[in-house]
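In this document, chain identifiers A, B, C and D correspond to the written order of the chains, with residue numbering beginning at 1 in each.
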Amino acid sequence: MLDQLKADVCAANLALRDSGLVILTWGNVSGLDPENGLVAIKPSGVSYEAMQPEQMVIVDLKGDIVEGDLRPSSDTPTHLELYRAFPAIRGVAHTHSAYATAWAQARRALPCYGTTHADSFYGSVPVTADLTPEALAGDYELETGRAIVAAFAGLDPLQIPAVLVAGHGPFTWGTSPARAVENSIILEQVAQMALATESLDPNAGPISQALLDRHFLRKHGKDAYYGQGNR
Amino acid sequence: MLDQLKADVCAANLALRDSGLVILTWGNVSGLDPENGLVAIKPSGVSYEAMQPEQMVIVDLKGDIVEGDLRPSSDTPTHLELYRAFPAIRGVAHTHSAYATAWAQARRALPCYGTTHADSFYGSVPVTADLTPEALAGDYELETGRAIVAAFAGLDPLQIPAVLVAGHGPFTWGTSPARAVENSIILEQVAQMALATESLDPNAGPISQALLDRHFLRKHGKDAYYGQGNR
Amino acid sequence: MLDQLKADVCAANLALRDSGLVILTWGNVSGLDPENGLVAIKPSGVSYEAMQPEQMVIVDLKGDIVEGDLRPSSDTPTHLELYRAFPAIRGVAHTHSAYATAWAQARRALPCYGTTHADSFYGSVPVTADLTPEALAGDYELETGRAIVAAFAGLDPLQIPAVLVAGHGPFTWGTSPARAVENSIILEQVAQMALATESLDPNAGPISQALLDRHFLRKHGKDAYYGQGNR
Amino acid sequence: MLDQLKADVCAANLALRDSGLVILTWGNVSGLDPENGLVAIKPSGVSYEAMQPEQMVIVDLKGDIVEGDLRPSSDTPTHLELYRAFPAIRGVAHTHSAYATAWAQARRALPCYGTTHADSFYGSVPVTADLTPEALAGDYELETGRAIVAAFAGLDPLQIPAVLVAGHGPFTWGTSPARAVENSIILEQVAQMALATESLDPNAGPISQALLDRHFLRKHGKDAYYGQGNR
């Protein structure tokens, strides 16, 4: 089972590289096996060129290394905080993709300007608060996770599987490592479109709640009728 | 004959993917066989990787499935409304391409700022009105088609083979599925150029009617002299 | 000799396609053989996929077809006017590349904001005047050529081998068809950079005459010291 | 040993081409062998297509050619001034990449808007002063190097391994030719993000000193914990 998890996480990391969202060794994807509460994650600073499933590092939800010869991604404590706080998620992805990062750097939530956004994110994608000096001086990556969780008070993380960390960049998640990567791809696309939308109309407003409901729920609600019913 | 239609529609869907306009499984293309009034369309939510002509779904103009094991694209009722209202068209394409979608999200018609636009679209590309709450709560995809048709009152759909659906994205069409895809490619290019044009000159105005006539008619009028006369 | 000219022009058209500057069948390149005053040019509306040197059309400087089964590019009269008015040039290229076209659509000359521009264009790249209604109703493509020539009154076309046709797009030229294509590539790059420069500083001004001189002349003056001395 | 240096410098030049940052023959990378004080650099104006290690030109720190049949890059005096003034660096790269060049053309230092920037550049990336008319008329490329060195008064060139030359473009450096290229790639990415950040918030400010410290030092400080500890 860990072999499958490592293979899925490795494949998701390579899919992230193939998406064009990350350059150099930036970006990382993890996956959770809910049966034993173990997480597989990309090793830190390792090239995508020769990445193998065996290189994925296995950690428990406290962050102790269970298996693997390499150091896990330095963002591991952020991933783990998300798995602990959002029990339904099975994969987390992190990138510095250009447009999503620009929104994060502008410290702005990403408004829902159209159905492309509404098909995947049920409302604005939140931006975190800045970390306090104390948090920055403490367990920084854990505090980043806590800031994300705080930004989701009252929100369902599977209805808005993405966040913008202020001054940093996006994290996305989903029901599998592959879905987390897919959400990174979608987030970057809608972040680019939203910037262009504001250039064309500085007073652009979000779509109506009725249109948001219609699009999100036709793909994700209990009466979803998009796809082949097996996704 | 349906084999040919399915092959053409499958090829057009793959051409759309190869164009770079769509990511993941977004986008869909259909084609009409006017002899029997049947439409072939991409199945919903199916990957482009292994797409085969046999997977194309055949529906009649009322939307009843005539042939095929998969569910047709959820946008099928929009396509069918276009075929019913615009009898000369033989293909329809839908994308969420970044720049055309940004204009749709800004709820702005795309002005004709140059001859690149005029070569393919005989004037501004219209934007639809927002759907009413009643339309959103009803047959949403059919109502989307009706909003497009309403936006073309007094316009010739073969002279302006494209529309921007407010808050959603572009639909294009043409005399074949391949031409519908070609018009999606052109629309995205001129949408990008138009945004840059406005950045360079916030007071930019459309080209003159005389220049618009000259360019559109040299390619499409009865005295067209572009190409080899066999297009 | 015409075989060589056709091969060079075909290769330059394919290089234009490979540059990413043109989509579909847009864009065209021609070349002049000065010994016999004949021009080879891309046929109109023909796909790049299977383009062969034998398909290039040979016309004389008056526009009469000397050799070839296909119709020449509809822009041929523009190319010919440039060869007649600028006797030192041996190749002409035309694209609708996105950023150069945006400047043309904004009807703005492209300012020299940096040494990238100065390395190839010795000052602003001119924009033509709008064509008069009479010119639009007459020999449109010839009139386009005349508008370009008028914009170069007092300028050396080999020192600024590019122009923006108002409401249309760029033409570039050079001492060979390959050089004309190279100048299209450079023009697009500096057009993109200039737009971004103005976004970063709405009051940006051109570089000094001294810096312009230094860069253009180190590559193109009689004391040029760039490259291996054999270009 | 010079064979290894030439191979590294050739590979770094090809990596620069593969990065998509340079077009045509633009861009150049050099490397220093500190044991003998010799520098290998790309020859001037030579195509990337058939570039071989043997073509790299070896010069000493005064600029005299020690080995090689080709003329060295015309930017060689700039590279050499950097090696003389910044003794810790082992590679230098120069590009005209679009976004970094736009900042250079706007004569603006690149602010640190996020952790992507902070991971590699410990604060704003400086922009040089304009060269004086005397400098432009003198040893231009050497004076460019001097302007860069002047812009780093009080700064550690290994903490901010990049600069924007006013009206020209970026130079980057690092502890190897490959690292210099990597820093060109990162600089272009953060230059693009910073432009988008300002579009989204014209009053955007840099990240806090505490966040800058945290990110730069987790990768580069004496207690760095990013990567596998062997970079």
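Here is the rule we go by: a residue touches a chain if its C-beta (ideal position, glycine included) is under 8 Å from a C-beta of that chain, and two chains touch if they have at least 3 such contacts.
Just so we're clear, the structure is a prediction, and the values are computed from it rather than from any experiment.
*Asks:* Counting residue numbers used by both copies over all numbers at the interface, does the chain A-chain B contact come out same (over half shared) or different (under half)?
*Replies:* Different: fewer than half of the residue numbers at the chain A-chain B interface appear in both copies.
*Asks:* What whole-number Å value describes the gap between the mean CA coordinates of chain A and chain C?
*Replies:* 46
*Asks:* Return the distance between the CA-based centres of chain B and chain C, expressed in whole Å.
*Replies:* A distance of 32 Å separates the two centres.
*Asks:* Would you mind listing the residues of chain A that make contact with two or more other chains?
*Replies:* 199
*Asks:* Chains as vertices, touching pairs as edges: which of line, ring, star, complete or other describes this one?
*Replies:* The chain contacts form a single closed ring, each chain touching exactly two others.
*Asks:* Across the complex, what residues on chain B touch chain C?
*Replies:* It comes out as residues 113-116, 182, 185-186, 189, 192-194, 196-197, 199-201, 204, 207-208, 210-211, 214, 218, 225-229, 231.
*Asks:* Would you tell me which residues of chain C are touching chain B in their complex?
*Replies:* Contacts found on chain C: 23-24, 26, 43-46, 70-71, 74, 96, 98-99, 101-108, 130-131, 133, 136-137, 140, 167-169, 195, 198-199.
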